[in-house]
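After this come two complexes, each holding subunit A, first together with subunit B and then together with subunit C.
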Partner chain A sequence: MSSPTGQESGMFMSIESKRLKIEPKTYSRRKSDKNRSKRNSNSDDLPSPSKTSKSKDKYVGPPSVILDNGSYTAKIGMSNNEPKVIPNCMMKVKSERKRLFISNQIEECRDLSGLYYLLPCEKGYIMKWTVQKPVWDYIFNNVCSVEDKPVVMTQPLYNFKAIQEITDEIFFEEYEIKSMFRANPTDLAKYEYTNNVVGKQTSCIIVDSGFTCTTVVPYIGGKKYYKGIKRINVGGKLLTNYLKDIISYRQLHVMDETYVINQVKEDTCYVSSDFKQDMRIAGYSGEQNTIVKNYVLPDFNTIRRGYVQQQGDTSEIAEGCQILRLNNERFTVPEILFYPSDIGMESMGIPETIVKCIKLCPPKEQPLLAKNIVVIGGNANFPGFKERVYSDVRSYLPDHWTVHVYKPENPTTFAWKGGKSLSEDSKIKSLLITKEQYEERGSSYTYERFSDWVHTQKGDDQEKNKVSEVKPAAESILRNSNFTRFDLFGKHEPEGEEDCVVVEESMEVDKTVTKDSAGGNNKSSESVMNVDTAKDSKEDDAEVSNSGRDLETYQEEVEEYSNNKTERSSSKTAKTTINARSSNMDTYETNCFNSYDFDVFENTYI
Partner chain B sequence: MTISKLTLRGSARLKESEKRRIVDETSRKRRHRKMMEILEADNYHEDPHADLVMSKKIPKFDDNLETRTRSRKKEKNPEYYQTKFRKHILQLLEEDRVEAEYTGRYSYTDMACEDTDSPYRHFCAVCGFFSQYVCLTCGMRYCGIRCMDMHMDTRCLKWAA
Partner chain C sequence: MSVENNAKSDTRPVYKATTFQHTSKSNNKKRAWKSLKQIISAERTLPWPEDYVHYSSINAPPSFKPAEKFSDLSGLAAPYTDPQTRLRFANKEEYATLIGLPMDITAGYLALRGASSIVG
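Coming up: the complex of A and B.
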């Protein structure tokens, strides 16, 4: 276990406190200044203030606690360390009465048969605090400590206010953390993908297939595009339960052995690349059947963990060992992710949902999204998962679009890694809410800041879509030259110019353009041009303000913002003013983390 | 139902199934719902030690870690938070929906995935391979005689009261 030594944290603390001193305006009004000056004893080596204002700089603050709080496993660790993947639950076993196993304490248990789960989440949301709280207590007492540290943690989409309130109370009041930032796991994955995988800002789709469900989340202009977000109610839990059910029906009663069968699933299941062909092979008998595998179940005596029996070594299996024969189960189980209808659910599968999600996004962005599909979450670990997502999505989309699916080296910890990277980004300072801020403004402040969906407007993006479907750039090309649609787009190679991509939907646009140009430049096309230039200049503004962003002003603005909060929610005018202002300090990369910012690109809240 | 299966081939079998009570749509839906409940459950079995009082003590913290300075009085037991929370998931979902409707924002319900457009694939309820036959009684599927017999003897809804 590698938590920082006392000395180290002391040093980091002093750097931090000195830096805080650089911003006297921001903090002078805070009541806890006493505290800070007390810690301010040894403060020689400071990063120069000018350096900290640059957004790409690495932020040398105290290491943060990064917690990706999944509904089955917690991904936990200090930002200067590697994450641990441990159960986010309590467990009971048949063999040991009177003992609750919390999280990875289960490693101490010898007989795992009939393991009973006490899970904290329902539908992905923390509902059982009598489970979650002891697990967090355990984690922060035994895996890494949180006290006086900044914490970056995940929460599900639309995490409810009541849940966020309790989370705040536990972390700020009981654990006495220094500061906190909460984001959706997909936000962190998006951050990691754009910053450390492709190395540039791009629209993308994050597919997070976890324990409870699978969410497909498009990011446009750095933000979640709420209209396109879809959730499939198939996750790892359902797959394990399904495998349990069919094994119990066909071979051996294992309904009580969720823990063991989950391991069977992890050890043997894969996503088929040719379902019909695999069905055929699994139907063969003898050596022709290359799919069938024998699995040796654990007996918790000599075998603690089950394993796939290698072909030909039937001899060394201990007597009394139970063997499962896995044939089409190996690939029909993960297949539910792709065809939930296989078990009678009416929902779309992952590829269909991705395509649907792309279609819901502005046409200009669609080819870009297809090029940047990121798969994360436990189910992405199935062999063949990524390849299948690719080939199915590929088959749905136009041939001339490039489809690319990215699977991180470790899909389970990718969001955690994003949290780590973000915590080392200087921007984190403006995202964190400090204990003092929480104490001053309460939980409604954290809710506003950490819940970007609160600021969405359903109508807005329909109107906006009307605007963005009229694509000024493409139009001007069409108007000024005699290109046909085929010339322009038919042979289109998205690799080269992704900025000027058009899809079928733009047919309408073309017609209006031709009409417009025939009858001279009438008002409608002019106004479109205006929108275009206005947009460009705004983008420029944003860039300028990005590079020379002044954190002091930023903090002030945030404060002002929250003071205006009440006024804002009641009057729409106030809303626009404030947000127009905050759009200046908006940075592209962290867009999705700023709940209060204004989308300069789309002219609306997203 | 003790007629030997061997004697019931072809049309004879058909007649037999006509005689049976056809399981109506409602029961078929109920069966599916029950199946989904099992698939979404955290556990299939009951808590083996539900009657026992578990030691609620949080394990002592690791000596390798720096000792906490957190004051004891700030520690609250989990029940405190649960009592304060006092919500059911459906209640939260409903609150979210109402608030969203009021303010016009997106909500949890907007994430719901649409129904699939792709055709359903049919599998044998017994062996899991592709199937072409439907049980006339209950609507489940099987792939051949062997699996049909198995189905009739086990999961066929004709046994359901």
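Coming up: the complex of A and C.
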């Protein structure tokens, strides 16, 4: 992949740029062009006018390296190429005890029995650097060179600071890469989905079912909606291990054969669309049982890879191959993704979590989210996975919502593709952190830039009263509809000065209403009431005051309901004296209630 | 192919400074990496704001649906449970094999479906 000439010019370049202080991007462009013309030139990257005219904001720079660093496989490739899916681990085998196989070196190994994995990741987080470093060294030396190229890399959600620091150190200081951007795989998948699949910005839910866990991440307005994110600790690893266990108990002892059983899983398992029916069929014997399959295990002598035996073909058995008889295992194993409680895990399955996640989002966005469910990750490759997710989610949601589940052609590399499209977007310029920036500002800077969960939420706390995001809108809705409950839990909003003004305003409004409609009881005393006592007073007062506060902040949403307002104010004559705003808010609230009517998980969102 | 690659990686490391020495290489052995469990539990104890969403708070909650019962021996739907071993079975043939199983095997079966705790 990388030629020595490339390295020389790379060194040359780094010296040059230090001396001459040429702007790195333009310089590298020239340099890489030169390089390319030396090799066989790839027309895709040359700044051909036809290309640029097609899409104005296309970023034409040096091709970047995209690395989707999954816990089991790494998806790696240049942005002008196709991704390679290679194991992100080191392996040991019984036949060659001395050798350590790194990543795809395992292809050279003939006898894969008793393969032992050394995985760098635990639950998706890089933990064993002694494993990860050699794997990266190998990958960047032999599969794809990172020299002087921007790197777009994935990291799991809530990647811990310590991990990011070490990653920075390795990439910037040892590999001396030019610039880097890290994002969650779901971010990249969302980018790919909105830009290249739907073609417009939309809210969506990304379900990433990978090796170690399954994460459900809703995106609203292009951003993660943190309150809706859920993780299920079920992934491909657990399924393989479970299959290994049950086969060992029921048929053959295969506890050491993780690699083979993983292949068995990939070859035979499927997601049942009608679990009860399939279970009934699996109970039959003989011809009626259409589910049972014989799997010929590899002996690494004549059979290198196991395969499913064709029906009626019994010749293999005579030769003395080992055969696994897979009956209900074929669909009960992936079923764990849908019902982790089958193996005693106290957790929701994927469809239930998706629905839960939708319910946690603002009501306005919920139908949109249901329409845009994207399933990615290795487990989405199970036949029937998408259909099952669809039918289950469908059964949970109200009838008039459209539910759509999108499964990309290759769910494994979808995030990689997102990284590729992102690296071709002009936006990438502002996202990348260059080596100079890193050297200047250190690891905490990169941490802050690449960990959107830190500042998104921090900002949310600080400017609770003025952010016009959808996120606080949802909060206000929850607060309004469950005011008493929040009161019980003692969750009061911090009271700023602006707030007080707003509250007093609406209080006065309220007073006039009650005087008009119900006649004066003890309301006159309220005119001197301060905010705190208002909170403790009757519930509807508080509700109005609350809504008055929301008004100030969510003008846009209020505008949407202005049509409703006119209807309402005409019907309720008593409220005609109210100023327009609070009447708006009333209708807003009732709308919210309506959309909560079907809530199957009522009262669970605290 | 691999030999070539190995040779190449020996002579030309992926990083450009061939003389690069990791600063922590000398005391690499002493440097104990924190395990994931430690990191997560440390993260959990941090003083988070009340509604801050962090690693430990995004776990999927328990399901609302009751778990279905499957035979431990065959995986089929199991309407029966053996009160002694607490193993589930689908039919009388399975029961016949089940009563002959030694203790450690039955315990293993229970552990397999996460039912090995005494309370459960």
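What we mean here is this: the second predicted complex is superposed on the first by the 396 of 606 C-alpha atoms of A that agree within 3 Å, B and C clash if a C-alpha of one lies under 4 Å from a C-alpha of the other, contacts with A are read in each partner's own complex, and residues count from 1 in each chain.
The definition used in the following text is that a contact is a pair of C-beta atoms (placed from the backbone, for glycine too) under 8 Å apart; a residue touches a chain by one contact, two chains touch by 3 or more.
Just so it is clear, the structure is predicted and the values come from calculations on it, not from any experiment.
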| item | value |
| --- | --- |
| Fit-or-clash call for subunit B and subunit C when the two complexes are aligned on subunit A | clash |
| Of subunit C and subunit B, partner touching more subunit A residues | B |
| First (subunit B), second (subunit C), both or neither touched by A:119 | first |
| First (subunit B), second (subunit C), both or neither touched by A:347 | both |
| Subunit B versus subunit C as contact partner of A:98, first or second or both or neither | first |
| Partner chain(s) touched by A:238 [first = subunit B, second = subunit C, both, neither] | first |
| Which superposed partner A:127 touches (first subunit B, second subunit C, both, neither) | both |
| Which of subunit B and subunit C A:108 touches, first, second, both or neither | second |
| Touching partner for A:255 - first (subunit B), second (subunit C), both, neither | first |
| Overlap of the subunit B and subunit C footprints on subunit A, listed as residue numbers | 105, 122-123, 125, 127-129, 137-138, 141-142, 145, 147, 157-158, 160, 162, 174-176, 215, 226-227, 229-233, 242, 245-246, 249-250, 279, 282-283, 327-329, 332, 339-349, 352-353, 356, 453, 457 |
| Complex contacts: residues of subunit C adjacent to subunit A | 1-2, 5, 8-9, 12-17, 20, 22, 33-36, 39, 43, 49-55, 58-68, 70, 73-77, 90, 105, 108-109, 112-115, 120 |
| Sites on subunit A touched by subunit B in the complex | 1, 3, 5-6, 92-94, 97-100, 102, 105, 114, 116-119, 122-123, 125, 127-134, 137-138, 141-142, 144-145, 147, 157-158, 160, 162-163, 166, 169-170, 173-176, 215, 226-227, 229-233, 237-238, 241-242, 244-246, 249-250, 255-256, 258, 279, 282-283, 327-329, 332, 339-349, 352-353, 356, 453-459 |
| Residues of subunit A that touch subunit C when the two form their complex | 4, 7, 10-11, 14, 105, 108, 122-123, 125, 127-129, 136-138, 140-142, 145-147, 157-158, 160, 162, 174-176, 215-216, 226-227, 229-233, 242, 245-246, 249-250, 276, 279, 282-283, 327-329, 332, 339-349, 352-353, 356, 453, 457, 461, 491, 600-601, 604 |
| Subunit A-touching residues of subunit B, taken from the complex the two chains share | 32, 35-36, 38-45, 47-49, 52-56, 58-62, 64-66, 68-70, 74-79, 81-82, 84-85, 87-89, 92, 95-96, 103-108, 110-118, 120-121, 123, 126-130, 154-155 |
